[in-house]
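Here chain A shows up in two complexes: once beside chain B, once beside chain C.
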Partner chain A sequence: MVQVVFNSVGKDFGRDAVLRDIEFEVPAGRFVALIGPSGCGKSTLLRMIAGLEHIDYGEIYIDGKAVNDLAPKDRDVAMVFQNYALYPHMTVAENMLFTLRMARRTRAESNDRMWEAARILGLESLLDRYPRHLSGGQRQRVAMGRAIVRNPKVFLFDEPLSNLDAKLRVQMRAEIKRLHQRLGTTMIFVTHDQVEAMTMAEQVVILREGRVEQVGTPLELYDRPTNIFVAGFIGSPTMNLIGGTFEQDRGRLCFVPRNGTPIPVPPGTLPGASKVGPGRECFLGIRPEHISLPGLDPNSDGGGSFGEISAEVVLVEVTGLDTHIVASAPDGEITILIRGRFDTAAGDRLSFRLNFSAAHVFDAETGERLD
Partner chain B sequence: MTSPSRPAHKRLPRRNRRKTSAIRSVTVFGGVVLLLFLVLFPFYWMVTASIKNFREISIERTLVPREVTFKNYVDLFEQTSILWHLFNTAWISCFVTFVTIILASMSAYVLTRFLTPTAEWIARISLYAYMVPSIVLIIPFYIGLRMAGLVNTHAGLILSYLSFTLPLGIWMMRACFQTIPKTMEEAAVVDGANRFEAFFLIAMPQALPGVVSTAIFVFILCWGEYLYPVVLINSDRLRTITITLDALTGGGQNIKFGLLMAASTVATVPILLIFLVLQKHLVRGFAAGGYE
Partner chain C sequence: MAFSSAKSARRDRRAPRLKFRDERIFYYVALGPTAVVIAFVIALPIIYTFGLGFFVQNTLIRTWRFVGLSNYIDLLTDADFWFAFWNGIVFTVGSTAVATVFGLAIAILLDCNFRGRGPLRALVIFPYIVPSIVVAFIWKFIFSGRGILNDFLGFIGAQAVSVPWLGDQRFAMMAVVLISAWTWFPFAAITLLAAIQNVPDSIYEAAALDGAGPAKRFIHLTLPLLAPALMVVVLIRAIWAFRNYDMIWLLTEGGPIGATEVLPIMAYKEAFGLFRMGHASAVSVSLMVFVTLLAAVHFRVGARLRKAYDTS
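Let's look at the complex of A and B:
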C-alpha cells in the first residue's frame, strides 16, 4: 500500500520556483529521508505535506486522498520541528495533551495515551516541567512525544537532530529508528546530513534546487548514483571524479585522464565507457575505498579488473580505524581510503590500483551517469 | 580562589569588581534617593494637605500636619458627586482597556502573521493616527458624534477614547507579537488547532506580559483623559474624575486647596493600587523586549 504520493508537485515563492515536478511515492510504514543541500526546498516540501504551505502545483495524496484543500488538522500528520516549537507556557504533559485536547478526546483516554508516550520516550519524570527547564535532548524527546500521542498516519521530521551535539545525535538517531520499528508508522525525515539519511532511512530522496535528483534505497544511491551531484553528495570521503576521455589504443579501450597517461580499462568493466565516443569529455567516478595499493588489498582478484596509476602522496590522515591518503593525480587530487593502517608520508610516490568494476562514468556536460 | 566545584563564572567577576562597585552603588543610591524625593514629595504634599485644615494649608504651610482632619473628605463627598465621577471613570477606563486589548491584539496578530507585505504600512499609519493630537480631532469628532446623537453620552466618550487607545494598542501589541516566533502556532495548527485556538491558546499566553503593559498604558491614558470629557460631556452625572478636579480649581480664582487635594488623592489611589498589583508583570513586559 502507498501512503504518501507526490504528483508533479511544485511551489513558487514570489517569482522564485522553489520546488518543481516533485514525483515520488512513499509506501506505508516506510522510513524516508529527504536530503539535499541547504535551501533546496526540503522544509518547504515537508510543510506542504503538513498543510503549512499551499501546494501551488500538482497534488499530494495521503492515504489515497488528495490533501491540497484539506486543513492541517484533517490531514492526520504530526510534525517535529527543527527548533522543537514546544509550547513554552505549558508543561511537558500539557504539551503532549494539547493535540488530544484539540481532537476533543476524553480525559481518561488522553491521559492513557500521554502516559504511554511518556513511557516510550522515558519522559515520566519530566511531565511537570516547563520546556525552558529541559535540556536539548529532553526537548527533542518531548517534541517526539507530542507527535506520537496522536498516533497519526504520517510523521514528519524537519532536521530534528541538527540542534543536538554530536554524541546525542548518534544516540537519538538510533532511538528514532527504534521508534519507527516499534510504531511501524510512515516517517518522512528531512536532513542535510547524508550519514543520517544513509543510516536511518529505508528510502532516500535527494533534492537539489527544488528537483528530485534520485530516489532509492541508501545502497542504490551509494552504488548507482544517477548523476555527478548524487555521487558527490552521498558518501564520505566523497567520490573521486577524474576528468578525461575514453580512447582506443592499439585495440584496447583506455581511460585517458586530463594531462595524464592512458590507463587500460579491463574488459567487462565500465559498461558506459563503450558508449562514449572518442574525445568526449567525461568523468570517471571512483570511491576512495575502491582505490587500493597493490599487494595490500585482501579482495584482490588477481588484477583482472584493476587499472593502475602512480601518484604522489600529499596528505595522510589517520582515524585509527582507516587511513585516508590524499594524492596528486594528473587531474587534481584523489582521496584513497585504506582499511587499517598504512605507513606512508607526504612526498612518497605510490602506485594505486583503481577498481574499475566498482567505478562509474558520468557525462561531463550533463553530469548524467552513463551505462 | 574559588573552589572548582563552585560555578566560577558567577563568583569571580563580582569579587574583582567589589571596590569599584561600592563607589558606584553609593552614587546610584544617591541618584535614586534624589529621584524618589522629586517624585514622592508632591505626592506626600497632596496626601498630607488633604488632611490639614485651611490654616495649615494656606497660611502656616506646615510640612507635617499638626492637626489631622477629615473635613476635606467629608466636604468633598457632600458637595460634589465625586464617587459617581470615579465610578464613571473606572468603568469607562476598564471598558475601553478591555475593548482595546481584544481588538488591538487581534489586529496586531493579523499584522504580524498574515498581511506581512502591507503590515508595515498599516502599522505606520496607526502610529501616525496615535500621534495626531486630540485637539486637532476634537471638532470633527464633536460634529460627527452630534450627528450620531452621541454627544453627552458615555458611548460617545468611549468611541473617542478608542480613537487613540486602539492605534497605541496595535502598535504595542505588534511589537510584542513580533518577538514571538511563529513556529509554535504552526505546531499547534498541525496538532489540530484552528486559527482561533492557535491565537488564544498559544500566541496570547506568550504575549501576556505585552498585554499587561499595554493594558496599564491604555488604562492610565483613559483615566487621565481631560480634553474629550470636557468637550463632549456637560451633565454632572456623566462626568469623569478629571473634570471634577478641574471644577474644584474654581477657574483659578477661588481654589479650595483642601478639597482639591482630597479629590486628587481619591483620583490617584486606584491607579496606584493597579500599579502595585501589576508591577511584577509590568517589569517583565518591558524586559521581555519589543519595546526597547
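Let's look at the complex of A and C:
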C-alpha cells in the first residue's frame, strides 16, 4: 500500500519556483529521508505535506486521498519541528495531552496514551517540567512524544537533530530508528546531513534546487548515483571526479585524464565508456575506497580490472580506523581511503590502482551517469 | 616557610577586599550628585506635600496652623472625595479595558500578512504622538452638540441628534473614557505586537497540526503567551490613568457637575480654585497611596509572570 504520493507537485514563492514537478511515492510504513543542500526546498515540501504551505501545482495524496484542500488538522499527520515548537507555558504532560484535548478524547484515554508515549520515550520523570527546564535532547523527545500520542498516519521530521551536539545526535538517530521499528508508521525525515539519511532511511529522496534528482535506497544512491550531483552529495569523503576523455590507443580503450597520460581501461569494465564518443569530455567517478595501493589490496594482483596512476601525496589524514591520502593527480586532487594504517608523508610519490569495475562515467555536459 | 605562607594567604585575602572598597567609593562618588538632585526635585516636594496635609494654610497671608489629621478626616467623610475616587476607578478600568482590548485586536491584525501592513502600522501610532491638547480639540469638535458624531448619527438614524456628549452628565464619562482609550491604544497595540512576534510561528503551526483551530489557538496559545505583556500593559495603563489629569481637564474640567471629576482634578481645584492647600495635599497623598499600591501589584505580578512564562 502506498501512503504518500506526490503528483507533479510544484510551489512558487512570488516569482521564484521553489519546487518543480516533484513525483515520488512513499510506501506505507517506510522511513524516507528527504535530503539536499540548504535552500533546495526540503522544508517547503514537508510543510506542503503537513498543510502549512499551499500546494501551488499538482496534488499530494495521503492514504489515497488528495489533501490539497484539507486543513492541517484534517490530514492526520504529525510534525516534529527543527526548534521543537513546544508550548512553553505547558508542562511536558500538557504538551502531549494538548492534541488529545483538541480531539475531545476522554480523560482516561488521553492519560493512557500520554503515559504510553512517555514510557516509550523515557519521559516519565519529566512530565511535570516545563520545556525551559529541559535539555535539548529531552525537548526533542517531548516533541516526538507530542507526535506519537496522536497515532498519526504519517510522521514528518524537519531536521530534528540539527540542534543537538554530535554525541546526542548519534544517540537520537538510533532512538528514532527504533521508534520507527516499534510503531511501523510512515516517516518522512528532512535532513541535509547525508550520514543521517544513509544510516536511518530505507528510501532516500535527493533534491536539488527544487527538483528530485534521485529516489532509491541508500545503497542504490551510493553505488549507482544517476548524476554527478548525487555522486558528489552522497558519501564521505566524496567521490573523486577526474575530468578527461576516452581514446583508442593501439586498439585499446584508454582513459586520458586532462593533462595526463592515458590509462588503459580493462576490458569488461566501464560499460559507459563505449558510449562516449572519442574526444568527448567526461568525468571518471571513483570513490576513495576504490583506489588502493598495489601492495596492500589482497585481491588486486589477480584481477585485471585495475588501472594504474602515479601521484604525489599532498596530505595524510588518519582517523585511527583508516587513512585518507590526498594526492595530486593530473586533473586536480584525488582522495584515497585506505582501511587501516599506512605510513606515508606529503611529498612521497606513490602508484595507485583504480578499481575500474567500481568506477562510473559521467557526461561532462549533462552530468548524467553513462552505462 | 609556614609563616610566610600564612602571611601571603592573609595578604591574598585582604587584597580583593581593598579593591572592593575602592569600587564602593567610586560608586558613591559617581552616584552622589545624581542622588542630591533627585532628593531636591523628587523627595523634597513629596515630603513637603506630606507635611502640608497636617496644616491648614492660607497662601495669601502665609500662615500655617497645625491641625493634625483633620484634613484627612474631612476628606474621608467627604462624599465628593469618594465620588472622585469612584470616578477615577471607572475612568481607569474603562479606558484601560477599551485600550487594551482594542490594542490587542489591532496587534493581532498587524501580525497578519496583508498588503499595506507597513503604512497601517505607522498610522496606528498616530493617536499616541498627537499632543493631548490637539487630541482634546479634535474630539471636542467631534463630540460637540453639532459635531460630526451627531451629524453621522443623524445621517444613519435619519433624525437629528444634538447631545453635547461631553457636556451631558450621562455621557461625559463614557466619552472621556473612549477618547482617552483612543490616545492610548497604540501603546498597547505596539507592545502586544512585539510580544506576539516574539512567539515563534512554529508553535502556532504545531498547534494547527495538533488540531486547534484559530479560536482555540487564540485561547490556548495567544492569551497565555501574551499574559506577561498584557499584564504590563494593563498595569502601566492603570497607573497612568488613575493619576491622569491633563486629558480630562482639557475635555471637561471635571464637569459637568463633577461627572468626570477624578482625584487629580479635585486636588487641583482644592489647591488653585479654593486655595485649600491642606485639603489639596491630603487628596494628593491619598492619590499617591493608591498609585503606589497599584505599582506594587505591578512589580509583584510582573515578576511572577515573567518567571512563569519565560519562553526561552
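Convention: the second predicted complex is superposed on the first by the 368 of 371 C-alpha atoms of A that agree within 3 Å, B and C clash if a C-alpha of one lies under 4 Å from a C-alpha of the other, contacts with A are read in each partner's own complex, and residues count from 1 in each chain.
In this section, a contact is a pair of C-beta atoms (placed from the backbone, for glycine too) under 8 Å apart; a residue touches a chain by one contact, two chains touch by 3 or more.
Here the structure is a predicted model, which is why all the values come from computation and not from measurement.
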Clash-or-fit label for the pair chain B, chain C on chain A: clash
Where does A:72 make contact in the superposed view: on chain B (first), on chain C (second), on both, or on neither? both
Go through the superposed model and pick first if A:132 touches only chain B, second if only chain C, both, or neither. second
Partner chain in contact with A:19 - chain B first, chain C second, else both or neither: neither
Counting only touches as set out at the top, which of chain B and chain C does A:81 meet: first, second, both, neither? both
Which superposed partner A:98 touches (first chain B, second chain C, both, neither): both
Footprint overlap on chain A, comparing chain B with chain C: 50-52, 71-73, 77-79, 81, 83, 85-89, 98-99, 102-103, 146, 150
Can you check the complex and tell me which residues of chain A touch chain C? 50-52, 71-73, 77-79, 81-83, 85-89, 98-99, 102-103, 132, 146, 150
Touching residues on chain C, where the partner in the complex is chain A: 200, 202-203, 205-213, 216, 220-221, 224-225, 308-312
Touching residues (chain side chain B, partner chain A) in the complex: 181, 183-184, 186-194, 197, 201-202, 205-206
Per the contact definition, I'd like the list of chain A residues that touch chain B in the complex. 50-52, 71-73, 77-79, 81, 83, 85-89, 98-99, 102-103, 146, 150
